[in-house]
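Look for chain A in each of the two complexes below; its partner is chain B in the first and chain C in the second.
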Partner chain A sequence: MSIQRKFSIFRYNPNTPDVKPFMQEYVIEEPQSMTIFTALNKIREEQDPSLMFDFVCRAAICGSCAMVINGKPRLACKTLTTDFSGTITLMPLPVFKLVGDLSVDTGAWFRHLSLKTKAWVHTDKEFDPNAAEERMDNETALLIYEAERCIECGCCIAGCVTANIREDFLGAAGINRVARFMVDPRDERSGNEYFEVIGSDEGAFGCMGLMACDDNCPMQLPLQLQLSFVRRKMLAFGLSK
Partner chain B sequence: MSNYTTVITDVLVVGAGLSGERAAIEAASQGLDVIILSLVPPRRSHSTAAQGGCQASLGNCAMGKGDSTDVHFSDTVKGSDWGCDQEVARIFVETVPKAIRQMAMWGVPWNRVVAGKKVLPDGREIEDTKDKEGLITARDFGGTAKWRTCYTSDGAGHTMQYAVDSIVIKMGITVHDRTEAISIIHDGETCLGVVARCLKTGELRIYLAKSTIIATGGYGRLYGASTNAIINEGAGMSIALDTGLVPLGNMEAVQFHPTGMVPVWILITEGARGDGGYLLDKNMHRFMPDYEPKKKELASRDVVSRRMIQHIRKGLGVDSPYGPHLWLDIRHLGAKHININLREIANICKNFNGIDPVDSLIPVRPTQHYSMGGVRTNKDGYAYGLKGLFSVGESSCWDLHGFNRLGGNSLAETIVSGWVVGKKVAEYTLGAELNYQYSLVQDFAKKQQERIAGLISGKQGKENVFAIRKEMEQTLMDYVGIFRNGPDLQTAVDRLRELHQRAGRIGLKTNGKWASPELTAALRLPGMVRLALCISYGALTRTESRGSHAREDYPKRDDANWLKRTLAYWKEGSDLPQLQYEPVKITELPPGDRGYGESSASSAEGKK
Partner chain C sequence: MLAQKILTRNPKAELYYDLVELLTGVTLVGFLWTHMLFVATILLGKNTFNSLSQALDDYYLSYVGIPFIILVFMMHILTAGRRLPTRYQEQQIIWRHAKMLEGADTWVWVFQVITGAAIFALGSIHMWVVISGWPISAMTSAERMQAFWWFYLVLLILGEYHAGFGIYRQFVKWGWFPRKPLGYISKVITAIILTLGLAALWVFLKLGGA
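And then the complex of A and B:
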C-alpha cells in the first residue's frame, strides 16, 4: 500500500539574492517505508533536479545530511517518513552558512572548531618507526573513542540557544571535542592550555545548560556528562590559578 | 569569459580521504606547498565509513601470536589469487606495522590487549598474556591466517580519518572542499593540474601543480546496489582515462562483500563474522562449513560471496520482495558484545531495518563493495602515461589487491600508500618545474565550459541523465555480477555502448546554473559509462576465473594465459576501451593453491 506524502521544502540560493526564500511543496508516492534520503532523491530525479541537499554515506556515519525535520535537527538519511503523519517540513540547519536549499556548510564550521580548540594530540615526542607503540589501558582507549564518535553533523549546534545567538560559541560538539583530548594520556597539554581554549564564554561557560544538544545528538553522545566534566575541570583549574 | 581563477601550487591532491590526506601530509612535511581538493569536507569522505579495521602483523593478541610480515604477505598474495604485484605487497606488509603505530601517535584510540583467558564463540579457549597487555590488539577477518585486523570498536575508518585530518589541520594544509576535478590538464607528456568546478557556485577554476595525485576512492556507485557512499562514482579514474594516455588496470576485478543488508545495501562489517557471527539459510542451517570446511564464513570475500549465491541458486535462500537473501546470525555473541564492539551494526540494523540483532537475524546478500582496479601506477605511485601524475588508495591500481582484496587491507593500503607514495611525490616535486603555456591550459577549461553550455542548451539532445544512469546501474547488476559468462557480458557491453551514445545526448531539464546538482550529475555520467565499459569489456575478454572474477564458462584460473594485468585505454571518440596486457610480477610466491575456494583445488594440481 502506498500513500501520497506531501513535503514542504525550504528553497533559497544565496547566489541569487533577488529571489527571496520560499517554501515549495512536492507530493510523492510513499512505499511502505522510506527514509528522507530516498524521498529527496526521488523528488530530485522525478520532479525537480535543481533541489540542493547533501548526502554521502546514507548510513548515519558521515554527518553530512543533518537538516531540520518538522522542527527538530536530525540526520535525514536515518529518518523514516513513517515517523510522521501529514506534511513533512524540511529546513536547512540554522547557524551554518547556507550553500543552497537544504545544503549548509558544516565543513568550514567544524574545521574552524578544530583550529580553535587545537584539536590534535599535542606531544613533544618524536615518532620512532622502529619502536613498539606506547601501551594504553583498553578502558582508556574506549573512553577516548566514546567522545571521538562525534560525526560533526551539527545537530547539537543547530538546536542550541547559545550557538544561535553567539556566533563564536563552540557548542556541545566543541566541548565534547576538548573532553576527548583531556581524557587522552597522549595529549600533554596542561590545564592552563585547555583553559585558554575553552575556559571562556565561547567555550564551557557560555552554555546555559538547557540540554537541547544532548537530546538532538544522533550518535547519542553523553553531551550532558561531557559538559559537566569539562566545566568541573575548568572550574577547578580556574579556582586554583 | 576566458579569465578563470587560477591557483598554483607544488602538489595538488585530488581527494581528501585517508590516502589523499596521508599523502598530502608527507608532501607538506617536506616543505612543499600542498592543496587538497574534495567533493565533501575531508571528514565526510568514504573512509570514515569503514568500520571493521586495518590489517597489520603486530602479533600482540593471543590469536595473532607468530604473525609476521611474511605471513601477511602470503595471505595478501593468496587473497589476490596471485593477481597482485608482489613487490608492492612486500613494501606494504613491511610498512604497515609502522604506519599503524604512527596512527596511534596521531591519536587513533586502537583497542588494546586485555590480559586474561577468554572463550571464543566456538568454544575454543585462548589467553592473552600479561606481557602484551596494553599493546594494540586485533580481530579476525576473512582470508587471514592470524588475527591481524586492528580496530577501534567499530569505527576504525572514522578514527583514522579524524586523526589524519587533525594533522592536516595542525599543519595548516589548504583544503578546497566542495570542489570537483572534472578534467586533467596535460601537454601530452606531463600532467599540469586539473580543471575543477566549485560545487557551491558552479565556477570553473584552474589548478596548476608540479605534481597531481589522484586519491578519489572507488566507483561502487556504478552498480545499483553498493555498500559505497553515494559520492563514490569513480570520478578520478574517469578523468585519468579521458586523457587517452593513462590506463586503468584490472577494471574487471570488482569485489562483492558477502553481507550487504537487504534492502538498503548498507554494509554489515566483516567484523561481525570475525567476532563469531555465521550465515544461515531458509532452514536455519549453517551452510558455509559444507562448502568451506576449513575457513567457513571466513574464507576470502570472493569465495564466501560465491558460495552464498550458489546456495541461493539451490533454492535455499529466504524469499523477500527484494529477491532471495540469507541470514547473518550474531545473536549468540550476546547483548554486551554487540552493543559495545559491534554497536554501529546494532544501530544500522535498528535505524534502517527496524531490527535488533541481539534477538533478530539480519537479512544479507552479497553487494558491490570495492574497486580493485584503478589508475595504473608503478610501485612508487607514478601513473603510467603522464609525468607528474600519481595515484593512491582505492582509486589506484598500485596493485596490492590483484583480483580480490582482503578485508582490512584497504584502510592499511591508504595509510601505507599515502606515506610511501607521498614521499616519492615529494622527491619528484622537489626536482620538478612547472612549465606550461597558458593558452593550452585555458583550452582545457574552455572545453569544459563548452560541454556545460551544450548540456544547458540541449543542443546535443534531450536525454535524461537520471534515466541513463539507472539503466547503466541495472546493466551492471544484471550482467556483470558475481558469476559472469560470455553471453551476459556481451549483452552488457552492447547495452553500455548504446548508453554511452545516449550519454552524449544529455540535455538538462533545469537551467544548470550555479552549483546545479543536475549539471553535476550530467558532467559525471559519460565518464561513469566509460568505466562501466572498461569493467564489462575487460571481464568479457578475460577468459578465466581469478579471485572475484568468476566466469561460469571458464571456471578455472589459467596461469598459462592469464597471469597478467589488464590495461584499459580510452581513445577520444571511441566507444570501447583498448585493452593491453602486462605480465604480473612474481618475485617471491609462485602461483599455487589458495587453501580455500573452488578454483584453487584444480589449480593446485597444476602446481605439484
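And then the complex of A and C:
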C-alpha cells in the first residue's frame, strides 16, 4: 500500500539572488518505506530537475547528504520517511556555505578545520618502508578508531548554537579531531602545542555544553566525552607551564 | 595578524576565563543551596532562625561571607556573562535555532541566559535590601516577605532554575559524570531546595500576619 507524502523544501539559488528564499511543496507516492534520499531523487526525476541536493555513497559513509530534516540535522540517506507523520520539512544545514537549495559546501569548512588543527601525525621519526609496523595496544587503537569514525557530515556543527553565531568556532568535529591525535602515541606534539591549537574560545573553551552535537551525530560518536576530555586536558596543559 | 592583536595576545586568557566561570558557578550554587537551607530553618521555628542568624553574625561569618559572595557574583557576571548574545542578529539566530532544533538542552541554555540576566537585577536588589536592613531576624524577614512575596517567589524560581541547570551543564562540560543520571540528580536537588524555599516563604507569610 502506498500513501501520499508531502514535502516542504527550502529553495534558494545564490546565483539568482532576486528570487527570495521560499519553501516549495511536493507530493509524492510513498511506498512502504523509503529514505529521504530516495524521496529526493524521486522528486528530482519525476517533478523538478532543478532541485539541488548532495549525495555520494547513500550508505552513511561519505557524509555529504546531511540536511535539516523536520528541525534536526540528519543524514538523508539514513533517515526513513516513515519516522515522521505528515509533511516532512527539509532545510539546508546552517553554518556552511549555501550552494543552493539543500546543497551546502562542508568540504571547505572541514579543509579549514584540518589545516587549523594541523590534523596529521607530527613526528620527527624517519619513515622506514621496510621496517615492521610499530605495535599499538588494542585500547589505544580503539580510542583512535572511535574518533576516526567521524564522516565529516557537519551535523554536529549545524546543531551547535556556538558554531551558528561564531564563525571561528571549531565545534565538536574539530575538538574530536584533536582528541584523536592527543591519544595517538605516534604524535609527538607537546601539551603546549595542542594548547596553541585548541586552548581558546575557538576550541575547547568556546563550547557551552548544549550537547546538540552529542544528540545529533549520526555516527553516535561520544562527543560529550571527547569535548570534556579535551577541556580537562587543556586545563591541565594550560596550568602546567 | 593585526598589530593590536599581537600586542594584546595572551594565549591563557580564555583558559582563565573558563576556569573562573567554573569556580564562580560552583561557588554560587553551593552558596545558594546553603543559603536556602539557612532560610529554611524558619520551618523549625523563629528561635532557631534567629539564633542561626545571630551565630553567623557573632562569628563574623556574615561579614566575611557576604562581601566574598558579592565579589564572586561580580566575577561570575564578567565570565559567564561574556556568553550573553548582545547583538540583535545573534539573539535572532539563537532563538530561531532553538525553535528549529527543539533540543532540550539548547532551550535550557536560552533560559539559563535569560534567568541569569534577571538574577543580575533581582539579586542585586535583594542584597541591597537585606544589607541595608541589617541584622537579619525572623520578624524583619517576615515583613519583607509580606510586602514583596511576589518578588521573592520570582527570584526563588529563577535562582533555582539557573543554579540547578547551571551545575548540570558544568558537569556535562567537564565530563566528571555521565549525562543522564546527572540531569536527574540536579533536578531532584533543585526540587528539594525549591520545596524548602516555598515552605519557608509560606511560613514567613504566616509569621508576618501574626
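Quick notes on this one:
Quick note on the criterion: the second predicted complex is superposed on the first by the 241 of 241 C-alpha atoms of A that agree within 3 Å, B and C clash if a C-alpha of one lies under 4 Å from a C-alpha of the other, contacts with A are read in each partner's own complex, and residues count from 1 in each chain.
By definition in this document, a contact is a pair of C-beta atoms (placed from the backbone, for glycine too) under 8 Å apart; a residue touches a chain by one contact, two chains touch by 3 or more.
From a predicted model like this one, the values you see are computed outputs, not experimental measurements.
In the superposed pair of complexes, A:D137 makes contact with chain B only, with no contact to chain C. Counting the residues of chain A touched by each of chain B and chain C gives the higher count for B.
Of the two partner chains, chain C is the only one touched by A:G159; chain B is not.
Shared-chain residue A:K20: touches no atom of chain B or chain C.
Once the two complexes are laid over each other on the shared chain, residue contacts for A:F110 go to chain B alone; chain C is not touched.
After overlaying the two complexes on the shared chain, residue contacts for A:R232 are found with chain C alone; chain B is out of touch. Against chain A, the residues of chain B that register as touching in their complex are 40-46, 48-49, 51, 98, 100-102, 104-107, 109-114, 133-137, 152-153, 155, 158-159, 162-163, 165-167, 169-170, 175, 177-178, 200-201, 229-231, 264, 266-267, 340, 344, 347-348, 351-352, 354, 465-466, 508-511, 513-518, 521. Here chain A touches chain C in the complex through residues 68, 71-72, 91, 94, 159, 161, 164-165, 195-196, 199-201, 205, 207-212, 214-216, 224-225, 227-229, 231-232, 234-235, 238-239, going by the rule given at the top. Only residues 13, 15-16, 33, 35, 44-45, 48-52, 54-64, 78, 99-100, 105-108, 110-111, 114-115, 118-121, 123, 125, 127, 129-138, 140-142, 144-145, 148-149, 151-152, 184, 186 of chain A touch chain B when the two sit together in their complex.
Listed in rising order, the residues of chain C touching chain A in the complex are 11-12, 14-15, 17-19, 83, 85, 90, 93-94, 97-98, 100-103, 105-106, 108-109, 169-170, 172-176, 179.
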